[in-house]
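Several structures are given next for inspection.
One chain, subunit A, links the two complexes that follow: it is found with subunit B in the first and with subunit C in the second.
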Partner chain A sequence: MSRSEIRVGGLGGQGVILCGTIIGKAASIYDHKHSGMIQSFGPEARGSSCSAQVILSDEVIGYPYVRNLDVLVAMSNDACHKFLPELKKDGVLLYEEELVSFPEGTRPAKAWGIPATRFAEELGRKLVLNIVMVGFFAGVTGLVSRQAAEAAVRDSVPAGTEGLNLKAFARGYEYGRELVGGAA
Partner chain B sequence: MKASPEGVLTGVHFMDGDHAACEGAIAAGCRFVAGYPITPSTEVVERFSVRIPTVGGMFIQMEDEIASSIAIQGAAWGGAKVMTVTSGPGLSLMMEHIGLAVMAEVPCVIVDVQRGGPSTGLPTLPAQADMMQVKWGSHGDYQIIALSPNSPQECFDLMIRAFNLSETWRCPVFMMMDEVVGHMVERVEIPPADQIEIVPRRWTTKKPSEYRAFEPGPDMVPDMAKAGDGYKLHITGLTHDERGYPAMNVPAQNRLVRRLSDKILKNRDKIVDVREDGCEDADIIVVSYGITSRVAGAAVEMARGLGLKVGSARMVVCWPFPDVEIARLSRKAKAIVVPELNLGQMVGEVERAACGDARVYLVDHAGGSVHEPERILETILQAARDAGLGFKTEAERS
Partner chain C sequence: MESVKLPAKFALKNGVEVLVRDMVRADEPAVFEFFRLLPLEDRHFLRNDVTDPIRVHNFMIDDTHDRVRAVVAELDGRIVASAEIDRNHFGSMTHIGQLRVIIARELQHQGLGTILSRLLIADGVNAGIEKVLAETSTENKAAMLALEKMRFRKEATLKLHVKDLAGRKHDLAVYSYDVSHIWDKMEALVADYSPMREY
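Here is the complex of A and B:
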């Protein structure tokens, strides 16, 4: 059975949960896999660090929480260092490189950074940084197809903002593909 | 009859169990909800309050759960399909009126998105510790129906069944969700309205002069009349005769209370739903319900990988308790393992039904999360050792 465990972490207001939702939706509705998303729920979801756990699987998901984290998507320094200990040994870290820093020699081996907030600002709205991260996730990991992720972005964002959000997705996706040496 | 297309959100969605439960209620024809929002069930009424004005229904946010649980009963006698939604502390407040709904045979659905207790306990975290409360929480002898969904999809599907059961048997039907099922987001497929089977209200066909409000039909259930339609209705929590008038004597009590129980217990074959997998030749059977059944599934797979014959039986309906089914399984198996998110509730019923034919093991949990599959596996392996069954070790397997 192929099971991938993802955690998206960041600050309340960065669109962390929507980022996790789009990844899950892309997998379950458009890539026809099984997926489940559980958001952190409680005091921590209101203002400080918050996170979404997403499980992707070829089979029905039994245990719904993260146990053996394959991919950590970190949009803030706090979230990155809070959840890094649960990332498995050869797990992948995707991070907002202008918001996250590592003490000397602590950056994991498979870590890929992106200036997602700056990209979002260049596109005209800082708000779409989470969609840049969805694109980056799809581009680097390939765990959801580009087509599925774009479809999920399209029906998850407010009407009238699809164009901007798809541009944000493409920016993150292509940046990710280049980093890992694949064609965009 | 088929569901009214109005309000049925046909299509494929990525939504959580609370939202799916709300959509199930709307598809089932629920047009009145009174509630007092409480974590982790709030999203059900939040969505209902936004959705229901578009299909011609009503949501009232009441002053508390006591009021909610009686407002829905008024609306039911006014002709609406009704629901209230709560979690443990609110459920405790509803107990008196749940008894009234049983006694006056009011079709209603009560959603309990279970969280850790007692008292305010763990508002944002799961448990399955209200299983006995819904069965026994109100005073007196009675039977209710309780369903236990294990996914957002089932929150939709079973909600429709919950309404259908409440209309058929005229009793409170409980949707025993939990925080994880309520808040986890998954694929939910909502079929077209013409593929959703709906049980309408059992309206009487008798003339007002011939109608007796609590005269049972062949299935032991009386037909209803709408308040205001010219029928004489007297509805009381007191022991009553077939006209609905108080009759506080031993024969009337015997007749009424026995019928209220029997209409569920003697029709239990039409209600119970146990999903069995690999039980035919199993030595050990894991009996579970709700979210725990998903984690149990992972443990069963692990145990099969070690060469054990392990079956799984999931109680989709927990009340009435599937005692006939559990008794049959316990005659075939050597042991039954019962994981649940409480310190031992339904396991007592399993022991009662197994009647010593199979040894019963509880895998308890005080609540706040779900079991790690390894904990359930550990108990399966203990049961195997106690029964003298051989199995591979993890090392031999790898």
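Here is the complex of A and C:
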């Protein structure tokens, strides 16, 4: 059985929950696997710590919480250092490199950073940084296919914003593929 | 809004089919020719003297770096329309897009302006623009009607603001199309408060 446990963490207003939702939707609806998501967010709409636990599996998911974290997607410094201890030894860390820093010698071996906020701003809207992260996740890990993730993005964002969101996805995906040495 | 993939062919009301594509630097002689052939009264309200090759060159290279996208329409290898959407790249109005469309006389009132405008508005939204502005003389009833059909709203009439060739002053209508509601929904969606909210 193939089971992948993912945690997306960041601040309210960064689209953490939507990022997790899209990953799960891509896997279950468009890649025909199983997925589950547990979300946690503070009472404020913006600024509070929030996270999503996403499980992807080839089989029916009996337990929807993270036990052995395979991939941590960190969009803020606090979220990164809060959840990093959960990451298993050979787990993958994907982080917003302009918001996350590591004390000397604490950066995990399998860690890839992306300036997602800057990319989103360059594309025209800072609020698509979470979609850049979805693309980065798909590009680096390959846990969801590009086609499935794009379909999930298109399906999850408000009508009229699909174009910019898909550009944001492509920016993150291609950056991720380049980092891991794969063709975009 | 998903951008229309260009080049693409569009049929106009009179049955003529035009090719719409992105404007490229190599178009400079053809664009210059298109502008040169415009009747003086159509050229008069443009920002630049488009009979000046240096002005056209600066337009082609986007010397202000404010352009979001520029397209041209071709018919039988000739350029018959030019359209662009610009935005300020710095300051308090980076969210505002300015739409400019110029159509050759032979193809005016055939829906080409609407086709080009819709295409560029989608690009503007995809670039994060929240409000698109368009200006026209109040004498140009066809342009005003076309803008209103595209859901532009007249925001202001600047009285006696523009001069025609004879030096007579005319009113200028300023239209806007507010697309910020599209991004308000996205903002609500990334609020990380309740993903179950309706949008």
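Keep in mind that, in the parts below, the second predicted complex is superposed on the first by the 177 of 184 C-alpha atoms of A that agree within 3 Å, B and C clash if a C-alpha of one lies under 4 Å from a C-alpha of the other, contacts with A are read in each partner's own complex, and residues count from 1 in each chain.
Assume a contact is a pair of C-beta atoms (placed from the backbone, for glycine too) under 8 Å apart; a residue touches a chain by one contact, two chains touch by 3 or more.
Values in this document were obtained by computation on a predicted structure and should not be read as measured data.
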item: Subunit C versus subunit B on the shared subunit A, clash or fit after superposition; value: fit
item: First, second, both or neither for A:Val60, with subunit B first and subunit C second; value: first
item: First, second, both or neither for A:Gln39, with subunit B first and subunit C second; value: both
item: Contacts of A:Gly160 with subunit B and subunit C, given as first, second, both or neither; value: second
item: If touched residues of subunit A are counted for subunit B and for subunit C, the larger one; value: C
item: Touched partner set for A:Ser28, first subunit B, second subunit C, both or neither; value: first
item: First, second, both or neither for A:Leu93, with subunit B first and subunit C second; value: neither
item: Which of subunit B and subunit C A:Gly15 touches, first, second, both or neither; value: second
item: Angle, in degrees and to the nearest 10, that opens at subunit A between the C-alpha centres of subunit B and subunit C; value: 110
item: Minimum Cα separation, subunit C to subunit B, after superposition on A (Å); value: 7
item: On subunit A, positions contacted by subunit B and by subunit C; value: 21, 39, 41
item: Parts of subunit A lying in touch with subunit B, wherever the complex brings them together; value: 21, 24-25, 28-29, 34-39, 41-42, 60-65, 67, 152
item: Subunit C partner contacts - residues on subunit A that touch it in the complex; value: 10-18, 21, 39, 41, 44-46, 48, 50, 123-125, 127-128, 130, 157-167
item: Residues of subunit B defined as touching subunit A within the complex; value: 12, 14, 40, 123-124, 179-180, 183-187, 291, 294-298, 301, 369-370, 372-373
item: Contact footprint of subunit A on subunit C as seen in their complex; value: 1-3, 122-123, 125-129, 179, 182-183, 185-187, 189-193, 195, 199
